[in-house]
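Okay, so chain A shows up in both of these, paired with chain B first and chain C after.
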Partner chain A sequence: MVSTQQEIVGRILRASTKGFTCGTSSRQVDTRHDFGAFVKVPIANDGDCCVIGLIYAVEIKDDQLVNELVMADSVNPNVLLDQRENRMVPVEIDVLNVGYGYRDANGAVINGFHSLPPRPPMSLTDVELCSIYEVFTFTQRYDFFRTVINASDVPSDDLLAAALRYASQAYPENQRYEFMVHCGQHLARMLANDLKRLSHVLALIRPA
Partner chain B sequence: MQYPDDSENLDQWFPRDASAYMQAVLPIPRLGVVVGGSLSKGLVVKLDRGQSVEDLAVGRYVVVHGTNKRFFCMINDISLNNTNPAIQSDPPDISDPFLSAVYTGTAAYGTIHVAPMLSIGDDDKPKPVKTIPSHFMEVMNANVEDVNDVFGHEDESHFNVGTPLELDETQINIDLKRLVERSVGVFGKSGTGKSFLTRVLLAGVIAKNQGVNLIFDMHNDYGWEITSENGSSVKGLKQLFSSKVTILTLDVESSRRRNAKFDSEVKIGLDEIEPEDIAQLRVTMSLSDAMIDAAHTLHKRWGDSWIRRLLKGNVDDIEEVAENTPIMSGTLLALQRRLERFERWDFLVAETPEDSVERIVNLLVEQQQSVVLEFGRYGNSLEAYILVANYLTRRIHERYIDKVERALGDKAMEPPQLLITIEEAHKFLDPQIARATIFGIIAREMRKYNVTLLIVDQRPSGIDEEVMSQIGTRVTALLDNERDINAVLNGISGAAGLREVLSRLDTKQQAIIMGHAVPMPVVVKTRAYDEQFYASLINANGTGINIDKARKTLGSGGGERRIR
Partner chain C sequence: MSLEFNKIVEQVQKFGSMLDALDFDLGDRLTIAVERFYNPPPLEKIQERVELVQGPSISGYRGAIPLEGENYEEVSATFPPLPAPDSAVIIAADGSQIYASEQSPIHYYLINIGLFVYHHGIARTPQQLTIPKLAYHKSEVHDPTGRIVSNRTVDARRTVREMQELGKLAWEMRGEARPLLALYDNHLLFGASTDVVGHKKIMRDYRGALVHLHDSGAILAGYVDNPTRSRVVVRMLYLLSLSDEEVMRADLTGGGDLEGLKDVHLFNAILEPGERSAVMVQNSPRNLDYKQGAGGGPSYEIAFFYMKVSSGYRSSIVRVDIPMWVARDKRSVDELHALLVEQCSMQGRNPYPYALTRADELAYIGGRDKNKLDEMIRLEARKKGIDPTSFSAKAWGKELARGGKRRFEMKK
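Moving on to the complex of A and B:
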C-alpha cells in the first residue's frame, strides 16, 4: 500500500549507513510495514536529507511471558489480546538503504541518489512511509537494483520483486505493465551472467 | 515538434508535398550504436531494443553520426547475439509477452555489421573513408538527404537508375560521363534482367548525350520492341530515340517476321575478311595454330579472294599450295571444312556494293547516332556473332584511332565517345584469346581512343583477369557461383562484405553498382522499364541541344553548315 500522506512506520532502534532497524508497537503493524515498502528517514543532523530504504524484514520477537503463554493449556482471550497489543517488546522492522534524497519545498524527498547515504539516521527518529510521488520519482531510474541484488543477509530476489510490485502501484494503471517490462529489461542486463536467477526474479515480477 | 505560426495559411498546416513534410518533422529512428569494429573489417553496431532484426536487410544504407562527420555505410551482415551463451541451451519462453519484451534486445540482441564507404564532413562533400567513428556513436537509417548528399541530383550527366533498398523516396543517380569513359560490365546469372539493366543504361547514355553506342544485339533485345518475360511489350531504343538510333540488321527475314523495323541491311564481303578475323574464331571453331598459319599463307598467295578460292575447293589450287608451302594438304582441307559454315550465312556475300564499316562509322561519328546491329537468326550462331563483332570492331577501332590522332590538340574534332556493347563477353575475352582480340585491346587501353566496352555476361569468371581489372564500372545482378562472385569482386575494396550482399540480391530488378560511375558500391532496385520510364526519357531528351554535334556540324561539310 503506497501512502498518499505522511505515515509513521516506527522509530529508529539501530542504524548504519547500510540500513537500519526501527521499532513500533505491535498494535501499529499494518500495511505500512509491508515487505518491500519504500520508507524514508532523515539522516543524522540534517533534516533535509533523507535515507530511502526498503523494508526487508518485520520481526516480532518473543519474551519470557510469551514463551510461557505459548505452552499454557488454556489462556483467557483477553490475556492473549493484551499480550499482542500491549507488550513491551517492539516489533522490529529491518530496512535496507537503497538511496537518499533531499526534501523539496513541500517536504517530498526528491532528487534521489541511488547510493548509500552519507550518514545514518539518529536513534528514535521517525521513519515515514514514502509517498506515491516519492516512490514514482525514485523509481524513474533503476540503479538501486544493484544495491538490492548485492545485499548480503537479505532475501534480495524476493525483496527486489516485492519492491517493484509495490512501486508499480505508484504508476497509473496503464503504465504499470510498461514499468515492469523496463525493470525486467534492466534486470536482464544486470543478471546476464546468472540466467537462473534472472528467470526466478522475472517470474516473481511478471504481471498476472 | 514545431507548429506553423500562421493559422490562416493552410499550406503551412497541410503541405502539398506531404512526404517531404513528414520527412522533415518526424525524427529518424535510431537503429543502434557502434560497439566495435575496424576500418578494414567494418563496424559492429548493437541494435536498440525496439529495432527488429527482420526489418533490416543487407545492402541497405545506414549513417553513423560521428562527432564531426557522418559516415555513410552499407549493411553487409546481420547477426544474433546474446550476453550469455547458456541462453542457447535453455531459451526463455517467448510465448509469454512479458518475457519476450524483457529478453529481446537485452540478454538476446541483434547486431549488424556495416562497412563504412564514405564520410561526409561539414562541407557536405562525400570523401573516401579513412577513419571510423568512435564508440557508441548513433547509427540511423539513411534518409533522403543523406542519399542525395552522396549520389547527387539528376542533371546533364547524372542519370537515375533506381532507388536504394528500402528508400523508395529517393534515387540513385549514376555519373554517365564517368560510366562511359571506362569499360562497363553488366553481370548476372541467366534470367536476372541483364538485358533490361543494359537497356536502362544505354537509354541513359543516349538520352543524356554522353556518347554513341554500337550494340551487337545478339538476341534482338535492344533495337525494336520485344516481349518481356511477363508477356508485355517493351519498347526498343529506336522507339524511344527515333532520331538518335539506327537499326541495322544482318537478317532481313527475321526482322520482317518479327515485324521489327530496321533502317538498312548489313552485308559483309568474303573478300574483306582477313586471317586476323578468322583467328578470333580459334576457340569457337576449333581452329588449330596450323590452320591460322594456313589462312595467312593463303591470303598472301591468293589475295583478298582467298576464302572464296578455298571454299570452291579446286583440287589444283590445294595441291599447288601444299607443294609450294610448308602447309599440309590435310590442314588446308580441315580449314576448308570449317569455313564452309560461312556459306550458310547469307550476310556474307562475295562482294558488297558499299563498305559496311564506313557506313557505321559515318553514323556514329558524323551523324552521332547510336547503332543497333541485330543478328536475327544468326544470333544463335556464336561463330557468326564473334566473327561479325570482331570484324566490325577491329575496323571501327582503327578508324577511331585515326580520327583521335588527327584531332590531337583540337577537342572539337574528336569523335564522340563510343560504347560498344557485346553479349556473351566471356567468349571474346577468354584468358586464352583476350590478349589477341580487339575487345581485350579496347578494354586495356581504356579511354585513350574514346572507345570503351559495355560487356554483358553471365559468367564473369570466364573473362580474362586483366580485362576484368580494367572494367571501370560493374553492374551486377544476382550471381550465385562462387567463382563468378570472386571475379566480379576482385579488386573492389571491402569485397568481403559485398559478397554477402551480392549473393542475396533478389532475382529480379536488383543490382549492385560499383566502381567508377558511383562514389560507393550501391544496391539498387532498378527502375522499371515501363511507360513512366519512357516519359522521363522524353523529358530528359526533349529540349537539350547537343553542343558537340552543333559544333561539329558547323565545322564539317554537308548541308547543315549554314546557320538558319
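Moving on to the complex of A and C:
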C-alpha cells in the first residue's frame, strides 16, 4: 500500500547514515510495515531534510511468557487478545537508507538524492510512510538500485523487487508496465556481468 | 574484586560428594502417611479427637481439621474437576514495592498494585490496571519514634493494599458475569506482627477488605504455589494415629513419626493431575481469631484444599486458601476448582494461573523503573533547592567500584 496521507510507521530506536531501526507495538503492525515499503524520516536537527529508506526486515520480539505460550497445545483466544493488545509486544522495523530529499511547501519530500543522507535521524523521531507523490518522484531515477544491490546483510534482490512492485502502485495503471520494463532495462545494464542474479531479479519483478 | 572461582572449585566438588550421602529418601514415612490417609478413623472418632485438641487441656496442635456439619468432606476424598462454568470473571491482584532507604536523603517508598481481569467463556480482551502509590509523608514513612519504617511494615501495607484493591474491583464488577473469582497470590491467613507499625489498623483494614469481597459475592482464593513449608495434613494424620492417652503426652506441634514429611509429598503421591483434596481448616489461634475476633466472623475463618495442577508437561501441588463463605458453598468450590484447572493450562508448560502471571507482571517494578523514579524525585527535590545527591561516601564508593565493570567471557 502506498500512502496518500501522513502515516506513522514507528519511532526511531537506533540509526546510522546507512539505515535505521524503528519500533512500534505489535497491535500497530499493518500494511504500513510491508517489506519493500518506502518510508521517510527527518534527519538530526533538520526538519526539512528527510531520509528515504526501504523497509527490509520486520521483527516481532518475544519474551519468556510468549515462549511458554507457544509451547501450549492451543492458545486461548482471550490470551491472544491480551498478548496482542495489552502486552504490546515490541516490533522492530529495519530500514535501508536509499536517498534523501527536502520538503516542499506542502511538506512532501521531493528533489531526492539517490545517495546516503548527511546525518542519521535522531532517536524517537516519527518515521512516516512516503506518499504516492513522494514515491513517484523518487523513482523517476534508478540510481538507488545500486545502493540496494550492494547493501550487505540485506536480502537485496528480494528487497529491490519488492520496492519496485511497491513503487509501481504509485504510477497510473496504464504506466505501471512501462515503469517495470524501464526498471528491468536498468537492472540489465547494472547486472550485465552477473546473469544469474539478473535473471533472478527479473523473475521477481515480472508481472504475474 | 570478583569471586575467585579457583578457590571455590574444590569446595563445590566436596559439596557434590556430600550429595551422594544425603538422604533424599522419605523412607517409610510416605508409605505410612498414604496408608493412614486412605484409612482414616470413623467420623465420630475424628470429631472426638478434634474436640480434644481444641479443648483447654491441649495446646499446640497446628494441624488440619475437617469441616463441620453438612460441609464435611471425607479427609481421604479426592475430587476431579467438574466442567468450568459457561462464563465467569476472574480478577487477579498482585503487588510489589520499592522499600524506603535509610541512605537516601529523601525518604519514600512505593507500592504498586497490578490488577488483571480475565473474562472466561466470552471473547473479550482482558483488562489490566496498575495502581502505584508513592508514600512520602513523614506519618507514612517514619514510625512514631522518627525512624524509617521497616521493610516488614511496607510488606504488610502492600498486602492490605492488594486485598483492598481486589475488593474494590470485585465490588465494581459485581454486576458482571458470575461466578466472580478473586485470585490473590498468597495465603489468606495474614497476620501483621507487633513490630509492624500500626499493626492493629493493618489487621482491621485487611479484615475490612475481606468483608468487602464477601459483600461483592466474590469467590476469594489465596493461591499458594509450591507450599513446601506446609504440613498441616501430615500433622492431622499423626494426630489421628494416636490413642487418647498418647494425644495427652505427644508433641502435637510436629509430625511425630511422620516428621520431615510435607503435605506436598503426600498429595503428590495421592492426587492425579487436576484433582483436589477435601476442604479442611487449619487449627491455629490466628484462624480462631479470624473466626471469632473483632472484625471477623464464622464466614472469615480460612479453609484450604490442595490441588495438583498440570499443564500436560509438568504438574505441581498447590494449596488454595478460601474463606469459609466460599468453603461452605460446594458449588463455589467446584467452580473455583474448575476455573483454576483451566487457568493453569493456559500458559504452555508452566502450570500456573494465567491471570496471576499477568497481575504479577503488571505489578513488578524493575530496576530501570526504580532508577527512573529516583531520577524524577531527585529532579523534584532540586527544584526546591534540596541537594538530592548527598548520599554516603560508602554508597558512592560501591557505585564506582561496581558500575560498568568490564567482563571477559569465553566465546560461545
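One rule holds in what follows: the second predicted complex is superposed on the first by the 203 of 208 C-alpha atoms of A that agree within 3 Å, B and C clash if a C-alpha of one lies under 4 Å from a C-alpha of the other, contacts with A are read in each partner's own complex, and residues count from 1 in each chain.
The rule is short, and it goes like this: contacts are C-beta pairs under 8 Å (C-beta built on N, C-alpha and C of every residue); 3 or more make two chains touch, one makes a residue touch a chain.
Computed from a predicted model, the values in this text were never measured in an experiment.
If you put the two complexes together on chain A, you find that chain B and chain C both fit without a clash.
Judged by the touch definition given at the top, the superposed model places A:D82 against chain C, while chain B stays out of reach.
Applying the stated contact rule after C-alpha superposition, one finds that A:L65 touches chain C and leaves chain B untouched. Judged by the touch definition given at the top, the superposed model places A:V29 against neither chain B nor chain C.
Residue contacts after overlaying the shared chain place A:D73 against chain C, while chain B stays out of touching range. Residue contacts after overlaying the shared chain place A:G184 against chain B, while chain C stays out of touching range.
The least CA distance from chain B to chain C in the superposed model is 44 Å. Applying the stated touch rule to the two superposed structures, the chain B and chain C interfaces on chain A have no residue in common.
Across the complex, chain B is touched by residues 177, 180-181, 184-185, 187-189, 192-193, 195, 198-199, 202, 206-207 of chain A. Residues 65, 67-73, 76-79, 81-82, 85-87 of chain A are the ones that touch chain C when the two sit in their complex.
The residues of chain B lying in touch with chain A in their complex are 49, 83-84, 86-87, 90, 92, 96, 98-99, 101-103, 105-107. The residues of chain C lying in touch with chain A in their complex are 118-120, 123-126, 128, 311-313, 345-350, 354, 357-358, 361.
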